[in-house]
Amino acid sequence: MENEFRLSDLAARIGASLNGEDAVVTGVAPIEEAGPGQVTFLSNPKYARFARESKAGAIVAKSRVEGSRASFLLSENPYFAFACLVELFHPPVRPPAGISPAAAVHPGARMGKGVSVAPFVVVEEEATVGDRTVLFPGVFVGKGASVGEDCLLYPNVVLYHGVRVGSRVILHAGCVVGSDGFGFAPSREGFRKIPQVGTVEIGDDVEIGANTTVDRAALGATRIGRGTKIDNLVQVAHNVVIGSDTAIAAQAGISGSVKIGNRVMIGGQAGIAGHLEVEDGIMLGAKTGVAGTLKSSEARVWSGTPAIPHPLWLRLSALLPSLPELFRRVKKLEEGKNPKGEE
Amino acid sequence: MENEFRLSDLAARIGASLNGEDAVVTGVAPIEEAGPGQVTFLSNPKYARFARESKAGAIVAKSRVEGSRASFLLSENPYFAFACLVELFHPPVRPPAGISPAAAVHPGARMGKGVSVAPFVVVEEEATVGDRTVLFPGVFVGKGASVGEDCLLYPNVVLYHGVRVGSRVILHAGCVVGSDGFGFAPSREGFRKIPQVGTVEIGDDVEIGANTTVDRAALGATRIGRGTKIDNLVQVAHNVVIGSDTAIAAQAGISGSVKIGNRVMIGGQAGIAGHLEVEDGIMLGAKTGVAGTLKSSEARVWSGTPAIPHPLWLRLSALLPSLPELFRRVKKLEEGKNPKGEE
Amino acid sequence: MENEFRLSDLAARIGASLNGEDAVVTGVAPIEEAGPGQVTFLSNPKYARFARESKAGAIVAKSRVEGSRASFLLSENPYFAFACLVELFHPPVRPPAGISPAAAVHPGARMGKGVSVAPFVVVEEEATVGDRTVLFPGVFVGKGASVGEDCLLYPNVVLYHGVRVGSRVILHAGCVVGSDGFGFAPSREGFRKIPQVGTVEIGDDVEIGANTTVDRAALGATRIGRGTKIDNLVQVAHNVVIGSDTAIAAQAGISGSVKIGNRVMIGGQAGIAGHLEVEDGIMLGAKTGVAGTLKSSEARVWSGTPAIPHPLWLRLSALLPSLPELFRRVKKLEEGKNPKGEE
């Protein structure tokens, strides 16, 4: 099923330069498993030994690894070049166009050209689905919701009424967009629900992972900017605004009304408390708990709960195991003993 | 599409008093975006400057903000009053009653009056669905499960066999109720599954977020009390018992057999270890890790992992960044130097 | 609906020995609720007082509890024996065999004997479903995916194209297997998606919880070994390899390319950073954040973020609340005061 390429041809197509024999390759494989007919890649020079031991026919890398028998496809951005290369061997396969007779598409929905609508999909009244967009089985597009062109909505994705999704967006299975934000007014009789009458706006080229949830705004819109990538099981609360080209790893949680800038990187299981701001370009380590607005002028990388600059967090993490010893040392000082002298 | 109200009329309907001109308003909007024909609200006096800058026609608030040109709708509980007001402008719209011919409703299921059952819903044998309850597409109501009156089950909600859901309950998309608890007996041949033969009981007026999971009990029942609100992606394990009017934020995790009282507030990503108790009225900060039973007589608010009283946690968080300095200070003392004298 | 057993008969079937009167019992119940006609169990001697207070007709336990009026079914592994006993009273009920006419099964799919396929299930081309496997409503089995024999796939489980699932596997509602791994090459024009062209392989006797996500590999396969049990809302990233008989509690997150051994126990909300290894038999406390490879030769149980040996973590947790006091003590020492002398 895989295609076949000459390395010199591959090099030209992915903007790399060939260093070594111009062999023919038929597929891609992980560096430990690749054979002579396959290409692999090395993005981190730390793993150079894998390149030396690899039986791969060719390796995409930043520079040649001495001692390796493979041909090299050299690129300034080998990870990027490899992405292009994988796509050459595995061009995306979309289900054929057509609306399944077992789907429930409202006659008042606007369906683009070449859409692919699987069985058991529901598209409600006044909803819009752009050209060539694919709706897998069990997808729900609520009343008045819109999806752009060339999108992929995997099985059981749910778009509540009125939400707006851009073009070339990928939503993985079970992703929910537009559920009610968590807003309740406490009173003596218990909580009263604040109707969540806002919406969600998702920009072009966004990808959102499986079972991630994006709540609609109470008023206004929850917004996810162009090109932002969100992993699985992430929570994006109501009225959150996320910039462009930001990446959010699995199980992170963004509380209500948080503002996240462009090109921010958020580690897995990180959490950001409500109404805070995370400026452009900031990185949050995994499990970071943000309890105050983070300014890139103070630190670019943050970790810990509450979040502190990452270098300080590393120092604390290294010192903490010595804390019991510190308590003993202070006790000795109080007792008038000089521990250095005793040893 | 929005309605139109005179402010004096609105004030009467939401139990507020009008302070300012009796204008006509046609909608609600966030305080930064509201125009002269719109109402907004101010719950936190901290944001008073937004009220001064706002172009809103009227603001629901506890007291007048000097310098604002808006009319004020004054209320002791402005958040609550605003909730009522939003509902006046956006009365809830329910899908029309009727059972879709594309739903699979077992003839032995008991369906109430005025239910709305969308395409691709499954209601199994001996299940009960109360009057006026709405089942969105892809909802599954398992054998013998019951749902009360006036409930909303959004797309792809799953109720396993035999679980019981009260009235006026809202379950958001992808929420799962009644999956097997995580119970396995280790043995030399590996794990043996403990059949989970209990159930789940959800009280009236509960709301549960998207993709949240509530496991059935091993024996007996997992219980969620009346009026409790649970956010997205929360885990409620088997045999958990949660009281009334409790709120649990996104991605929190409640381990098996935990008992949570009434009016408890649990922050996002907090976790509670198995078999513990959290007393009435306790608040857990975001990311708190509860490793022992929490008594309200010791502290009302808890944070950290393991959880400690919140004021102590705040002091520790403020001190920790000085820990490297403390190590240096102790070293100087040990060396017989008086650092204060040196400076 | 429940069955009826004589205690001597039960003892023989579950490999226990009867100590006490040979009564007839008709069901199982929690220790606080069980009546004279019911059996319950006591796995943790810590809860012996419940056994003394219980009205249960019989208790499965390791040894007799003095002061209890119940008969005892004594077993070396009472939890395991109880699992067998519960199954005797509640033999698993599977939906009847047959393929619903409201399912969409591709003619090119291979369906085993005695499969049960509910309405609104989709099985795509070249997919394989083994004998007696049950697909609940809304399940999606993608192109070329395979599921073994005697599996249970609860409602809305999604298997992306080409993933392979073993026999006797249980996947709870909303579980997603084979979604794209989170792989993007940054460039000046934003992120470029790395096509995720690998797959997922799930071994026999695995159970995976509701709304858990298992990503397909970038290249090669994400693997979950035989007998491993995974709870709800867990994230398993691309290229993760998990051994056999490992248990992973709810909301844990396993980053890309992590290797987890056999018989590992991972607590709830724990997280493991990318490319690390967790050796056989290691236990991670709840909320642990693993930032380096864990060797069982260093410690068997780990806790904290970054993870440290559990006994050290316990000591630190006990000392931390005294940190403000330590700062004061050091200040006094610096001021030349001997705090001990002053008191």
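Per-chain residue numbering starts at 1, and chain names A, B and C are given in the order in which the chains are listed.
Throughout what follows, a contact is a pair of C-beta atoms (placed from the backbone, for glycine too) under 8 Å apart; a residue touches a chain by one contact, two chains touch by 3 or more.
Every value quoted in this text rests on a predicted model; they were computed, and no experiment measured them.
Summary of the copy comparison: rotating subunit B onto subunit C for the best CA superposition needs 120 degrees, to the nearest 5. For the self-contact between subunit A and subunit B, the two sides draw on mostly distinct residue numbers; the shared fraction is below half. The mean-CA centres of subunit A and subunit B are about 25 angstrom from one another, to the nearest whole unit. Residue positions of subunit C touching 2 or more other chains: 120, 138, 156, 174, 211, 233, 251, 269, 320, 323, 326, 330, 333.
Across the complex, subunit B is touched by residues 28-30, 33, 40, 77, 79-80, 82-84, 86-87, 89-90, 92, 100, 102, 118-120, 136-138, 154-156, 170, 172-174, 205, 207, 209-211, 226-227, 229, 231-233, 244-245, 247, 249-251, 268-269, 286-287, 317, 320-321, 323-324, 326-327, 330, 333-336 of subunit C. Within the complex formed with subunit A, the subunit C residues making contact are 104, 120, 122, 138, 140, 156, 158, 160, 174, 176, 179-180, 182, 184-187, 190-195, 197, 211, 213, 215, 218-220, 233, 235, 237, 239, 251, 253, 255, 269, 271, 273, 289, 291, 305-306, 308, 312, 315-316, 319-320, 322-323, 326, 329-330, 333, 338-340.
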